[in-house]
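After this come two complexes, each holding subunit A, first together with subunit B and then together with subunit C.
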Partner chain A sequence: MTRLPSHTDRKLGLVIDLDTCVGCHACVTACKGWNDQGYGVPLSDQDAYGADPSGTFLNRVHSYEVQPQEGAAQIINFPRSCLHCEDAPCVTVCPTGASYKRVEDGIVLVNESACIGCGLCAWACPYGARELDAEAGVMKKCTLCVDRIYNENLPEEDREPACVRTCPTGARHFGDLGDPDSDVSRLVAAREGFALMPELRTRPVNRYLPPRRKDAREDVSLLAPLLDLEARGFAAWLDRMLGKMG
Partner chain B sequence: MNPAPSVIIFTVLSGLGFGYLAWLCAGLATPAGIGAFLAFGAGYALAAGGLLASTFHLGQPKRAWRAFTQWRSSWLSREAWVSVAALLAVAPVALGALAGKEPGLWGLVAAALCLGTVLCTSMIYAQLATVPRWNHPLVPVTFQLFALAGGAILLPLPLVAAVLGVVLAGVLAIGFRIGDARFAGAGSTLATATGLGRIGAPRVFEQPHTGGNYLTREMIHVVGRRHAARLRRIAVAGVVLPALILPLLPSVAGVALALCAHLVGAFAARWLFFAEAEHVVGLYYGRR
Partner chain C sequence: MTIRQPGLDTSPPVSDEVRRTTCYMCACRCGINVHLTSGKVSYIEGNRDHPVNKGVLCAKGASGIRQITAPSRLRAPLRRVGPRGSGAFEEISWDEALELAVSWMKPLRDTAPEKLAFFTGRDQSQSLTGWWAQMFGTPNYAAHGGFCSVNMAAAGIYTIGGSFWEFGQPDWDRTKLFVMFGVAEDHDSNPIKIGLGKLKARGARVIGVNPIRTGYNAVADDWLGITPGTDGLLILAVIHCLLEAGKVDLDYLAQWTNSAFLLDETDGPTRGLFVRNAESQPFVIDRRTGMPASWDARGVQPDLGAVWQGHRTVFRHLAERYLSPDHAPEAVADRVGIPARRIRELAAELARVAFDEAIVLDQPWTDFRGTVHPAMVGRPVSFHAMRGISAHSNGFQTARALHLLQILLGTVEVPGGYRMKPPYPKPMEAHPTPHFDAVPGKPLSGPHLGYVRGPDQLALKPDGTAARIDKAFSWENPFSAHGMMHMVIPNAHAGDPYRIDTLFLYMANMAWNSSMNTAAVMQMLTDRDGDGEYVIPRIIYSDAYASEMVAYADLILPDTTYVERHDCISLLDRPISEPGAAGDAIRWPVVEPDRDVRGFQSVLIDLGVRLGLPGFTDADGKAMYRDYAEYIAMHQRKPGVGPLMGFRGAGEAVGRGAPNPDQIAAYIANGGFFQAHVPPEASYFKPWNAAYQDWAVEMGFFESPQPYLFSVYAEPMRRFQLAAEGHGHVQPPDALRARIKLAMDPLPVWYAPFGDDAATGFPLHALTQRPMAMYHSWGSQNSWLRQIQGHNSLYLPTTVWQQHGFADGDWARVTSPSGMIEVPVAHMAALNENTVWTWNAIGKRRGAWGLAPDAPEAVKGFLLNHLISELLPEKGDGMRWSNSDPVTGQAAWFDLRVKVERLGPRDQTLPSFPVIGAGGTKEDRWT
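Entry: the complex of A and B
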């Protein structure tokens, strides 16, 4: 059923901290690693060791330079993956019902055995979250590691998406953004988290936390007090004498 | 967007075929006997052949039947239904014409379904807010005009084809002008795409991957725009030329020549329709 549910019981999603992300691409690698053996067909590569390598990834890390009105430019690393939108345009365009949004937790998934690989959902997504796998001919996208988060065969600390689990700087957070008291919701409120391309009215669940304001550099040198020396004793006499001779 | 040959061929040929079948079923100039056999045969070949070509760009063509299930939300699914309904509805009209019967009221139903198929095809593109150039009412209007003008040339209805050709040329020219302003008008920028506009002016510092991927090949296809200005002139000239050819050469050769001009225009316009369309995901890569 590719009509969107009127509501979902929970709104599971990611909160990505652009302040702490160092752009190491560990989330990209962990995602690729887990999804090579988890839900659905593996993420294939083409010409992996050749001159023109290409492959399917569910998460990509961009780097941007932002020039504020005043002060130095900032480099911001920007992980980009599925935002599990509430009004997901990728779901409604699907002709086969392969794309759907789950009522129980709001995760947007692809039923790969029903996907015809027409690519229309990827066209409908503003965020580039979907990539058609060149080997399998079906659409791949972030599953929010649906095969990890409910997996009772895993230790409890591993029951979160692979990208979140692996992030060495703790820049990625996972939780229920529909619950205002959840850790992620409180984080979003405290740090003024925002949604991407709100003008397209897709109502993403995922939120991004803006980089914190950087300290302004002080114009007065830290060494200034040390430079303002008063000569004493013999040096003071010499200083006076030489000054008079001037 | 990637101007995939299969999709360009499909939309042009099936549009022409359904436009032709619509005119045949409307009963303005329905041929009889062997003429009807050839006419409806050609219409079916174009329409169904185009639909078949469209399955070539699927990753899993053998599951194409599943596309009939989601007609409540998906224009692609509606296209599947309406196209099959149109091809079935035309059959009794075609059989009647073989026996020398007029299409009648049922013919109008069949004609409406034929044009409805073209509408569904165009809405697949026009519904996408992610491609602002497509997301405009002129897109379905242009698709309808291509179908009707091409069909009128084939019938032939020289006067109707001439008028439609001129109108289509005008709509194409206006469409190019409006389309050029659509992306900026939609308001999505790298600042809104990343949300970093709240800090300052963002620009791409480093790409997430050094090679290409599905997104860059499919949606950030900039190579096809190289000859855009020239192709626009070819498109407009191609669709307007039948208006000169048909009155001057009232013969089979004239119709063939007019059809060739129309198809050159149609293929140029459809190439540009894809090649010039910019997807907002290109913002993340700093290219559209």
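Entry: the complex of A and C
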């Protein structure tokens, strides 16, 4: 068992806009690219050119079809990665202390040198956000790019997670969700952002912004014809039409 | 109790060096920062300073790092040693390879240059490849636009002097309502995503018109799940509603379009052409005087409603046509698959935003007539469209209809509307006409591709047969401005219009996903004559990877990957301009190849030298350029104008200036690109804006200002109709007259896709979309991306799923009038109820691309290409009717009609082909 901090100074996390995410997977491979050479061991691939390729990803996008009660079916693209929960069950279940939540910013990390690859944390995580690297035998998960966000070797504007930096639609936002005045907290307030499966009491830090209402065309007043074309003819239409010119 | 946390270095070094170049993982041409660690590429991210992607990068771009190490990379020149298609090759030296190529090509140049056909799939160095083919003297050159989106390009040029994607884009920062037609998740990728993100961030409204609701259409606020091939009907119905209500921008039409030109109503050879004055110029009737006046006269007020000596204006003709009850929403709703009320709602929304929410920029400007406008008034409605409307046999007319809609709303080149990117706007008249006269030992007299103005400019021999192997610019498809690559192999095989000797292809997977009727094309490539020689005697192919096509070539010239070579993204072909800035860019070898491969463009230049082609050798026969890099810097297409616009002369000149040997170094220092910004007073209304026209001349786009009017009425099309009616000395074959009269209508028209003729018993439309994380076949064996999408399913709408009793895990037999496949299926509700679809180009042939023969791409992946014939079903007239748009020759991929039958689970998609060897060396292959 590993203890969680009773309080973190900040609550760094992601806000993901499901109204804007087009499901392009840019965040998936930007994450893979950075973290393949970043924090901890590389993200390995097995059978990369074979019959059953599989590899470690810290962020994946799933697309779901939703059939509303009325109207056309919709597709929701849903990026999934660690939510950096305040009551992270993956930390408390860890037998070696390898999984921990940082006091200064709330990021949940795996200390790979203490990880024995037992996989308990992946079982405990209800969001499926952890992946055991098959080659290295250690648990991998989203680090919020802890090796980018404070990195003095990067220009200041680049000190954000790779997934946020690359997102072409700007659907991913990064910041301190513990600060009610931060941009991300304001965005969550304005767009009624929600936590994933709050009933599990994991208290995720990350938030999702819901899709806006689709296919709603209330109060469209149809265009009124200039005149009754059939009764009055083209010449009358043209007169009326060109009479509009100054 | 305090918690002990492990020590952590949060500022590790990122890399040794960052080199900025241009991505090649799709056609966007984003700027990338390539990080190098210990001399190897360690990370790729977007370049924040770059105009295309502004720092972001898509799934493909970030995976480029896996492209550089792919086992499918070709390693050395190869000469075929087994039968074609076997994949048996031997490695040879570059000297051997190039001398072999020259020994095939040189005699052709000296005797019959048309017997070399040179076609490029990837077409981002067309100004070089086209120049090379021109200097060789063969008329048989084009890139892949004919099977991609020439309808989109040509309809745009013939209507507004620009087009969607590369030639223009919505005014993302100001538009309030954005409507996209037939836009899958490419063309272009990051710029559309960035634009959609801007709209979403400010809550602007997005409407998606597409049979399939994925990707961009999934985030659209409103979705119109249209029946494929009917977009033109929908658009014309919207136009009907706007006209009926008087919601069109009359002032815009009068000032900036040819709507006030008069159409000749005299029976005879001029009927339907513009009435012209003594100087042979069309003219308008001035509302102030009621008298004829020059269309560009100062202060002229063109009368849209004029009737002069019995001749009526274009506006009168168009209003009468589209006000007809045939175009009412109620008359088309069933065919379009959208209720009439929703069509009327769409029209109302467009009109409300365009006219009630007009925006005004406090920016004075002066038009070409000398009139000063105190401000720029914009109508914040914008459109984008792509292959979904263009890949039909009515695609040209549909794209024209969409441009007409934009024009009627007054939204082209205005704030909030659709903006063109320099060197566009560029009217049809400023483009060349096609050149095609092959003379042994001589260059072609001009560029191959162009825009015909009338039947006189068709690429026909004196006997009336097609001059080009693809029959581009023939009566079958007069406006085939991008050529018709999809017809090259079938025509060469049939000897129609003639036989060729050597087929020279660059990055074109014609033995797989770039051909219709793939199995038949493989047969054509391997068929032999009575004397045992291949019907297409010689095939030279250049690619970086072991694609399916490699196995069907006789000589392979292995290309580098995109981080190992020079490239030029040029204003002479396909630049990276933005509406507010001309832009061009380079690639450069950020790492050196570790194999015996060479950049294709440098190889082409080498071949040009060995063949002694003008433009590549000087008077003494010496090489003018060492390699492509030197060509990029030193070549001049006209005095002072070369492939790159920036850092010319001593480094200070832009657009025009002497060649600068240090130009590439200057580009590298500048991040790999250059931009020249349009002055603020020139930023909108560009076709008519005097400040823009002057800037364009200064930049070298034109030699003199080229203001023009939008072609609501396309007079060149009428010239073809007149020919079909029997007028003029250049006459079409009788069998084509009716079709030409229909398809060459000078006002946008809708006709049923030709695939419908043979569709009895095939009730479903079948489409493909390109996934966002995959692109064409150009390296889609990427080890990360194939984990995201390693196989595809055919998506079936709910009605079909239920009607046939499909269950999860089932497969289906899918039959079209010309083929059959067996494939896995999946249910999808967010889909037009008469449409099935799948992801494009996921399916691979077993053994290709360095993949294991049991890779999911080959076992469960599939192509719809097997269901699509390059020819329409025989009509009993003995003719070969191409499955293409009759105006442009664009491949009509999306006219496909099918039926499905339920199968149980299966193990292998059909058709399945034998495993092919793929050219890599053994140690790198899957074996």
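We adopt the following convention: the second predicted complex is superposed on the first by the 217 of 246 C-alpha atoms of A that agree within 3 Å, B and C clash if a C-alpha of one lies under 4 Å from a C-alpha of the other, contacts with A are read in each partner's own complex, and residues count from 1 in each chain.
Basically, contacts are C-beta pairs under 8 Å (C-beta built on N, C-alpha and C of every residue); 3 or more make two chains touch, one makes a residue touch a chain.
Just so we're clear, the structure is a prediction, and the values are computed from it rather than from any experiment.
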- Message: For A:Q67, using the defined touch cut-off, is the partner it touches subunit B, subunit C, both, or neither? Pick first, second, both or neither.
- Response: both
- Message: Contacts for A:P53 in the overlay, against subunit B (first) and subunit C (second): which applies, first, second, both or neither?
- Response: both
- Query: With the two structures laid over each other on chain A, which partner does A:P42 touch: subunit B (first), subunit C (second), both, or neither?
  - Reply: neither
- Message: Just to be sure I read the superposition right, which of the two partners does A:N153 touch: subunit B = first, subunit C = second, or both, or neither?
- Response: second
- Scan A:R217 for contacts with subunit B and subunit C and give back first, second, both or neither. second
- First (subunit B), second (subunit C), both or neither: which does A:A114 touch? both
- Which partner does A:R3 contact after superposing on A: first (subunit B), second (subunit C), both, neither? both
- Item | Partner chain(s) touched by A:M197 [first = subunit B, second = subunit C, both, neither] | first
- Message: Need the overlap of the two footprints on subunit A, from subunit B and from subunit C, as residue ranges.
- Response: 3, 23, 28, 52-55, 57, 63, 65, 67, 73-76, 114, 211
- Query: Which bits of subunit B are touching subunit A when the two form their complex?
  - Reply: 1, 57-61, 63-64, 66-70, 72-77, 80, 124, 127-131, 186-188, 190, 192-196, 198-209, 211-215, 218-219, 279-281, 284-285
- Please name which positions on subunit A make contact with subunit B in the complex. 1-3, 18, 23, 28, 52-57, 60-69, 73-76, 78, 80, 89, 91-98, 114-120, 122-128, 131-134, 136-139, 194-201, 208, 210-211
- Item | List of subunit A residues in touch with subunit C within their complex | 3, 5, 17, 19-26, 28-30, 32-34, 37-38, 45, 47-55, 57, 63, 65, 67, 72-77, 100, 102-103, 109, 111, 113-114, 146-147, 149-154, 157-158, 162, 165-171, 211-212, 214-217, 220-226, 229, 234, 237-238, 240-242, 244-246
- Query: Which positions of subunit C touch subunit A when the two form their complex?
  - Reply: 1, 3, 5-6, 8-14, 37, 42-46, 48, 53, 55-63, 65, 71, 185, 189-190, 193-194, 196-198, 200-201, 213-216, 218-223, 225, 241-242, 244-247, 250-251, 254, 304-305, 316, 319-320, 323, 341-342, 344-345, 347-349, 351, 772-773, 781, 783-788, 790, 828-831, 850-852, 854-856, 859, 926
